[in-house]
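Shared between the two complexes below is chain A, which has chain B as its partner in the first and chain C in the second.
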Partner chain A sequence: MSARTGFRRLPNDPLSGSFTRIVMAGKGPSQIVMVGAGPPSTSFGVADQQRCGWRACAHHGGRDDPVVRIVIAEFGSATRDLRCCNPPMTEPTLLSGRGLNLTFGTIPALANVNVDLWPGELLAIVGESGSGKTTLLNVLSGRLAPDSGTVWYRDPANHLHDVHAMPAPALRTLHRSDWGFVHQDPRQNLRMSVSAGGNVGERLMARGARHYGDIRGVALDWLSQVEIDADRIDDLPRTFSGGMLQRLQIARTLVTHPRLVFMDEPTGGLDVSVQARLLDLIRSLVARLRIAVVLVTHDIAVARLLAHRIAVMQRGQIVETGLTDQVLDDPRHPYTQLLVSSVLNA
Partner chain B sequence: MKGYNFAYLDEQTKRMIRRALLKAVAIPGHQVPFGSREMPLPYGWGTGGIQVTASILGAADVLKVIDQGADDTTNAVSIRRFFARTAGVATTTATAEATVIQTRHRIPEKQLREDQIIVYQVPQPEPLFRLESSRIETKRMQGLADYGLMHVKLYEDVARFGQISISYDYPVMVNERYLMSPSPIPAFDNPKMDMMPALQLFGAGREKRIYAIPPWTRVRSLDFDDHPFRTINAPHPCGLCGATDSYLDEVVTDDRGGRLFVCSDTDHCAERRAAGHVGTDGFQEAAE
Partner chain C sequence: MTVMVRTRALAKSFTLHLRDGLVLPVLSGIDLEVANGECVVLSGPSGAGKSTLMRSLYGNYRAESGSILIRHGEEMIDIATADPRTILAVRHDTLGYVSQFLRVVPRVSALDVVAEVLLTRGIDQDAARSAARDLLLRLNIPSRLHAIPPATFSGGEQQRVNLARGFIARHPILLLDEPTASLDAENRAVVISMVLDAKKSGTAIVAICHDADVRDAIADRLFAMTPYQDAA
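Up next, the complex of A and B:
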């Protein structure tokens, strides 16, 4: 049975901010399952499917339920383009890649790639090794110039910037204030000979903070946010475990409250329990600070847990894109189907 | 003198260095690369300073050379003698009489004038050198005025020692644009660089860099708002001349814990003693 899944935040939200997950099954009588609305799972019948979407009427415990009615009404429009669901895409995009091409010798690393990222959205780029995920991340973040194509970034004042045409000082300023980059290996980003507090404070000082007490206060606050003991503030990162290093890197990156963070395999190389805690941390921080994230991962489970939307890459092309659950539950492209079916269920 | 060009260097080399100097003066604090020549003394003994001095020296100049504040230490004596032989210029130990002062590790206590030039010998021109190992990266940081890293070093000092513990080669911001190493002068001398009437030139021979501070330029020592820059000096008066406002050297006088604090600037000390100032150890020194 093929199923479609969508996320939708309701207008006049009766669910007080929670997201409603809707699963619609294929033909014939099927069910809508709501997660997060009152009882964890509520079932009700659905009527016919029409060509341009789903027309549904709801019966909940035998009576007309206002919540469900809204869900159904919303769902009708949501299904037309399941990609455009959460967060609401009424706002203009934060970052857009258009027609990106890049070849390394004869190898096409990127082939006509188009990407959009909305404010507050977490986009996962998945695919196998060598499919161009990290290259795309580097091109989007301005660290690597494409052969052709443009990356647009919208600043807080609503001005569009061509990232690769920006002067180097402006791009650097962007990278140390509005943007952040989380590497797979935290040692690439952290200064190993500088204490944890100094690592967290560096971006603040680069931005012009000149009050030691304030910088230390913010560093302490951020260490507690990423669950590192306050008395470790003056310890060198080389005395930290792998998971702590990664959390320290996240604190160092988020301390300036960036609007956009690029993450390259942030959980790679960590054991499963540490990974789970880190994912939890990233998810809560990103949601609370409303940071848009481009996340590169080869781990479908990470994408499933964190991402609102997913883009599947193969040989430098985005072969499929859509809502995470939509793509993972109902993969259309043969490669995505292969990718999803290769995941071991633990 | 026969067989030598004036002031040792050939004219083409001096032109090249003067061009670098002009560029350095035009961009205060910016490190200008130059083709450093081999000099008849080892790297680290002042090859950069000596090339700058040779390029700006004229026949009418009066040269003073200081090493750690003193006019009578090996380095100062040999460089002074070198230019006396190769350029035939007059030399002096009196700060006020000199027109060109080449120095290592100190700025004279006496306020310099607009008609004087001070040349610093610099071992390491890049202030970010110990913090960022890549020279390409430090150049980029200088170009983009990305100096957060220098403050990270200051932060680390305060976190570990409760204060900024840099006692020499204390990083400065020149004209609110370029981060600059003032060469290994004590932090005590940093305030003298600010709005100095004399032209300040810096030469690093091994690192092949020249930089400069034009007269009357703002030079600010880096600090935190709540940990302001402060000078460090031994809490004693000079044992010989009784001066309380000059930078002091600590001299071990015996193997029973005997100490003598004396002015590091020998000319300043001698001048004060000639004027009748006497410190607590002054008579004893005179008797020996």
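Up next, the complex of A and C:
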């Protein structure tokens, strides 16, 4: 009997090629078996695969189940039985990085990194200087191509996009609409020769807004949301303090209501009281607008305050990931234990 | 009677990599069961693992083996194997936890610290704040403190803010770690009455309290724990 008797591949699977789906003939979608690496299928989240570093998942039936036998034959000891786990969360991921690798010379900046992000979730990437955090953020956001691996983005119409295979104009459109990027240095994002209000309005216009009064009104509203006085709307950013510039960058980024925002050390270089205000602002805006965020920070306290989940990086690898308070209060990896123990009141 | 919490053969140890991989076994073979409307107090000497067990129930510490079933709506969820997002959902709807110390959030007023839980459930701001105000007043936190972030509060005041935060959402399961440790007699009595009210409304409660008066007033049962070495 051929190994695939009783099974068939889904012919028009949008993801075929990246992984194989085998469906038990005549059975419903809950019988889907997912093997290999790829973005989440409809019946399992990649989290299920990732939880134990699985390469193969087999749903239903035990080791004697014919489906499971084939999966085991193909993947051997990498196969795990899903029945011992809770039913997987079915909400598909917004962004998934799979098998990301990138080396600079001999430096492995990313080594087989897998990441998932769900809608409305804030994921913090922490780790020491040079561990690959910024590199990961740039790869996830399509700004830097990996040597290997794939980044998947699911658009509002539920279509998956291979971020690094997208045509450049499509990626630019994504960055202007669905996505936002908050840099450590706000000058990288702001236009210093344009007024504060113009900086906010410009993103709206890039999206197609035309009515001047509306744009100014929205800009004013956003300046107030980031606690910048309305009478500063016509001032140039160079007259702003560091904390104000950062808040202006956040207003400029969020004005288009992105679904996904990448932040690289947004509070770095600011003094502590200014940091607290900014963190509070990010916390409330993200929760209220249900924005998904990948936040890079070397500050454990920032991660603790803001993040639902945390990923700890060391030498280009994610060495530990999980619920923020779990990872920080009950760290398992030696490097995480070191990181946590070296911070007061982490 | 409905079982709300059930652990089976729960075990937990810590591996201290910074101390040459020293393994510190803390829990083993823990079978705990708590029904709705019942208050079980974990008892045992310092270091017996009471807080460790409670944190494991909350998913804050990761179980090493065994299961931690928590009734979440119609389902029993195993916290020991649940993914992070499931744990967050269970905490949001089902599991309340009052830790020993309040973790303060910069710039957020005491009132909003307490009201926040309700806001995330879609209750409008006025209703949430008014419920928070009532609860803070019941715990003798005067109105003049409500608008101030609790960072500068006294230990006892912070603990009462923490209690208000824990009780306001009326979670079906409440975990209380030393809820009265830094409170005076008057405020201890308030906490006792809040626990009794919660029990009456069907809440399952797991508590740790060294204070014998409080324990006698709230406990239906004690769950005895011994330090690991003695148990082995």
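Just so we're on the same page, the second predicted complex is superposed on the first by the 254 of 346 C-alpha atoms of A that agree within 3 Å, B and C clash if a C-alpha of one lies under 4 Å from a C-alpha of the other, contacts with A are read in each partner's own complex, and residues count from 1 in each chain.
The rule we apply is simple: contacts are C-beta pairs under 8 Å (C-beta built on N, C-alpha and C of every residue); 3 or more make two chains touch, one makes a residue touch a chain.
Being a predicted model, the structure only gives us computed values, none of them experimental.
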Between chain B and chain C, more extensive residue contact with chain A
C
Partner chain(s) touched by A:H211 [first = chain B, second = chain C, both, neither]
first
Mind working out whether A:D330 is in touch with chain B, chain C, both or neither, as first, second, both or neither?
second
Return first, second, both or neither, reflecting whether A:R309 touches chain B, chain C, both chains, or no partner chain.
second
After superposition on the shared chain, which partner residues are touched by A:D280: those of chain B (first), chain C (second), both, or neither?
second
Looking at the overlay, what does A:E320 touch: chain B (first), chain C (second), both, or neither?
neither
Answer with first, second, both or neither: which of chain B and chain C does A:R191 touch in the superposed model?
first
Where on chain A do the contacts with chain B and the contacts with chain C coincide?
none
Please output the residues of chain A touching chain C within their complex, sorted ascending.
45, 47-48, 51, 84-86, 88-89, 91, 118, 121, 276-277, 279-280, 283, 287, 305, 308-309, 322-323, 325-326, 329-330, 332-334, 337-338, 341
In the complex with chain A, residue positions of chain B that touch it:
143-149, 151-152, 155-156, 158-160, 223-227
Parts of chain A lying in touch with chain B, wherever the complex brings them together
168-169, 172, 176, 191, 194-195, 197-198, 201-207, 210-213, 215-216, 233-234
Chain C residues within the chain A interface of the complex
14-18, 55, 59-62, 77-78, 81-88, 105-108, 120
